[in-house]
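Shared between the two complexes below is chain A, which has chain B as its partner in the first and chain C in the second.
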Partner chain A sequence: MRRLVVALLAVAVLGAGLLVDHAERAWPSTRPFVRTGTVGEEVRLWPGWVEVRGARAANSYVDPYGDEIPTDGVWVAVDVVLTGGREPVGVAQWTLEDAAGRRFQASERGGAYLMDSAQPESPLRGEIVFEVPRDALGRLVVRAGTRGADDRLGAVAAIDVTVEEVSQRPMTAEQPRWEER
Partner chain B sequence: MGDSSLGPRPLLGALRRRRRPIVGAVAAVVACTGATALLGGFDTVETTTMPQWPAGEPLDLGPAEVTLLDHAVRDDVLADYLPDGAAAWLIVRARVEATDGETLTYPPEVVSPPEGAVLPDGEDAQPSADRVILLSDGTARPQLHPGLPEEVAYLWPVAEPGDVPAELQVEVLVSRLEFSASSQDDVWRTPQPAADVILPRNAQMPGTFEDTV
Partner chain C sequence: MRGGNAAKVNTRTSATTANKVALGLLVPVLAAFGWIASADLRTGWSDDPRNPAEPGPDGWASIARTSVRVAGFEEVGTLENWDGTPWTPPDGYRLWRLEVEVRSRLTEPRFCTVEVHDAEGRTFTPPGPDAGLPETAASALDCGSLEEDPSLSTMVLMPVESRPATVRLLNDYELAPAYFSLPLR
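And then the complex of A and B:
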């Protein structure tokens, strides 16, 4: 009888664990800490800050190796400044959200990984490159998140930016560089 | 007088105690078998044939729409990357579009070639693609952005090019994107066959592929 009780308790504990795990993902009780802002505004991305200085679009993009990368859409380069706070800030994911709610991750061909962290008092400025369909242009939201796919309890900075003009000239993104404070 | 514990009553008790685990085990087996039967575990399974899907027609695979186009067997592209024992690449060309409103890095398990056509990976006669390449510029493991369908090449090493039939029947696989707590990221899991597609042979891949790989 005692063994049966122990077995039932073990099953109950495992079942409850699976249920809680599923419930937390299906009906999350936690969410990211989102701060919003506009172009030219330093937005808190704990423990640091992020600022969008502007954005531009072009029909073609020349990568850091000098190769022109084709696309059926357009390339959008977002000029950002990332600054650490009391400690370094890390960005796990840069995304661009269009008015329809579609989320585009930064293109791996644009060197976004070079803008993934910044030290205190050392602003890092560079352009993050996105590849989007032409109909995504207009009002966009740049999102920087300190966590990846699961951003719950992470910090997110969501900054509005508008991009409408598309340059016919091939675009080269500004590579990250340290900026004077 | 001898040992009183060997009397008839204590002996019966000892036998009963010894039987308890056996009775418990038998009861557990009976209970499990009964539960399996009640849940339909012993029902006769109807054999179903995989639906045939035409090449060139888009197939909705959940977070992506996949259109299998054609295939080629080539020994003049990426030849330096052929593994030992391989003489050529089987290249399956597909158009893939992310339809879930988010950028995807689509898994290599989208197409499964028939057994015997490609070089096995250990015991696996139908391994996932060795390489996944964006046809437009040769990018490996490409990102797929919503609203921007891309042509993608899936590559498997082939030991003998003659083993690949001109009309190649492949399985289309559908996977689920699930969050992995261990890697703290979304991962593709449990690829399952969804349809059979017969792919025609295409001797040439698009020009950009010829130039970029």
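And then the complex of A and C:
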């Protein structure tokens, strides 16, 4: 009888531990600070701002050296402007979320640019490139996060953008450049 | 009856002694608990750069065995692109080149991140490699024993109306809470 009680208690302790572990991942008590917006709107991404000016898709992507990078899906280039606040803003991760909730990280294939910081009053404009399956196109959400994959307690700007047409012409991403003031 | 009272008095006396012992233990236990629980807070506070080392009359600012001074802070008109063509800052901006001089009795190299603060209190850092400058702007400079090819120069791009006021050299691990704070004249 005593052994049975000890075994039951051990199972109960392990079960409680697993439940707590699952709960922390499935229903986290901390979330990112998300600001939402649409195309053409400056969205707060503390300590700066991010704006999506538009997005386009193409079947092929040409890297800065002129080489075509193949894909089984499509390439999406998102035109963004990143601006610092009182201090530089840092973006740890750009992701694209489709209507099904799938999230795709910005591609670094082919030397695509990743705009990871911008200075105060110095808007930096460029295109972030994503490689996504064809069925991901439609209503998308561009997410810029200051804390990377684990964005809890970080700032996130989530901006709606729609991309439906796919160009047959190879796409070249715009290199980041400072907007004239 | 008397025996019963004596027993009550004894019980009270022993209870009072036990309370005193428990109270005596409670205080150091609570103090130890508070010390352990506040570790993150104390560490975070101590790492916060809040003790600026400012230059003396000779222009050198010193922390422990290292001294640093601003050797130059000049506006850069043009740079050269990789194909030899000139690169000029975009309209509305000025590009500044910072040069520092370091004297150190350390035997190990040490690096400090660079912040330039303007008169309005805004913070600027050297632009990253994706920002399109034809030359790399180092995000950190030597601030210890100098290496064979020391990094003593970097650049910052600032809006034209921005007036550079101070440069800070920071190292959260080896210098904090101290940091070098050098005025730009």
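The working rule: the second predicted complex is superposed on the first by the 148 of 181 C-alpha atoms of A that agree within 3 Å, B and C clash if a C-alpha of one lies under 4 Å from a C-alpha of the other, contacts with A are read in each partner's own complex, and residues count from 1 in each chain.
Assume a contact is a pair of C-beta atoms (placed from the backbone, for glycine too) under 8 Å apart; a residue touches a chain by one contact, two chains touch by 3 or more.
Computed from a predicted structure; not experimentally measured.
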item	value
Which of chain B and chain C A:L137 touches, first, second, both or neither	neither
Contacts of A:M115 with chain B and chain C, given as first, second, both or neither	second
Which of chain B and chain C A:D150 touches, first, second, both or neither	first
Partner chain(s) touched by A:E87 [first = chain B, second = chain C, both, neither]	second
Touching partner for A:R25 - first (chain B), second (chain C), both, neither	first
Partner chain(s) touched by A:Q105 [first = chain B, second = chain C, both, neither]	first
Partner chain in contact with A:V43 - chain B first, chain C second, else both or neither	neither
Chain B-facing residues of chain A, complex	25, 67, 69-73, 95, 100-105, 107-109, 131-133, 135-136, 147-150
List of chain B residues in touch with chain A within their complex	101-103, 136-137, 139, 143, 145-149, 179, 184-186, 208
Residues on chain C engaged by chain A in the complex (per definition of touch)	90-93, 121-125, 127-128, 130-132, 156-160, 162
Of all residues in chain A, those that touch chain C in their complex	86-88, 113-117, 119-122, 124, 126, 175-181
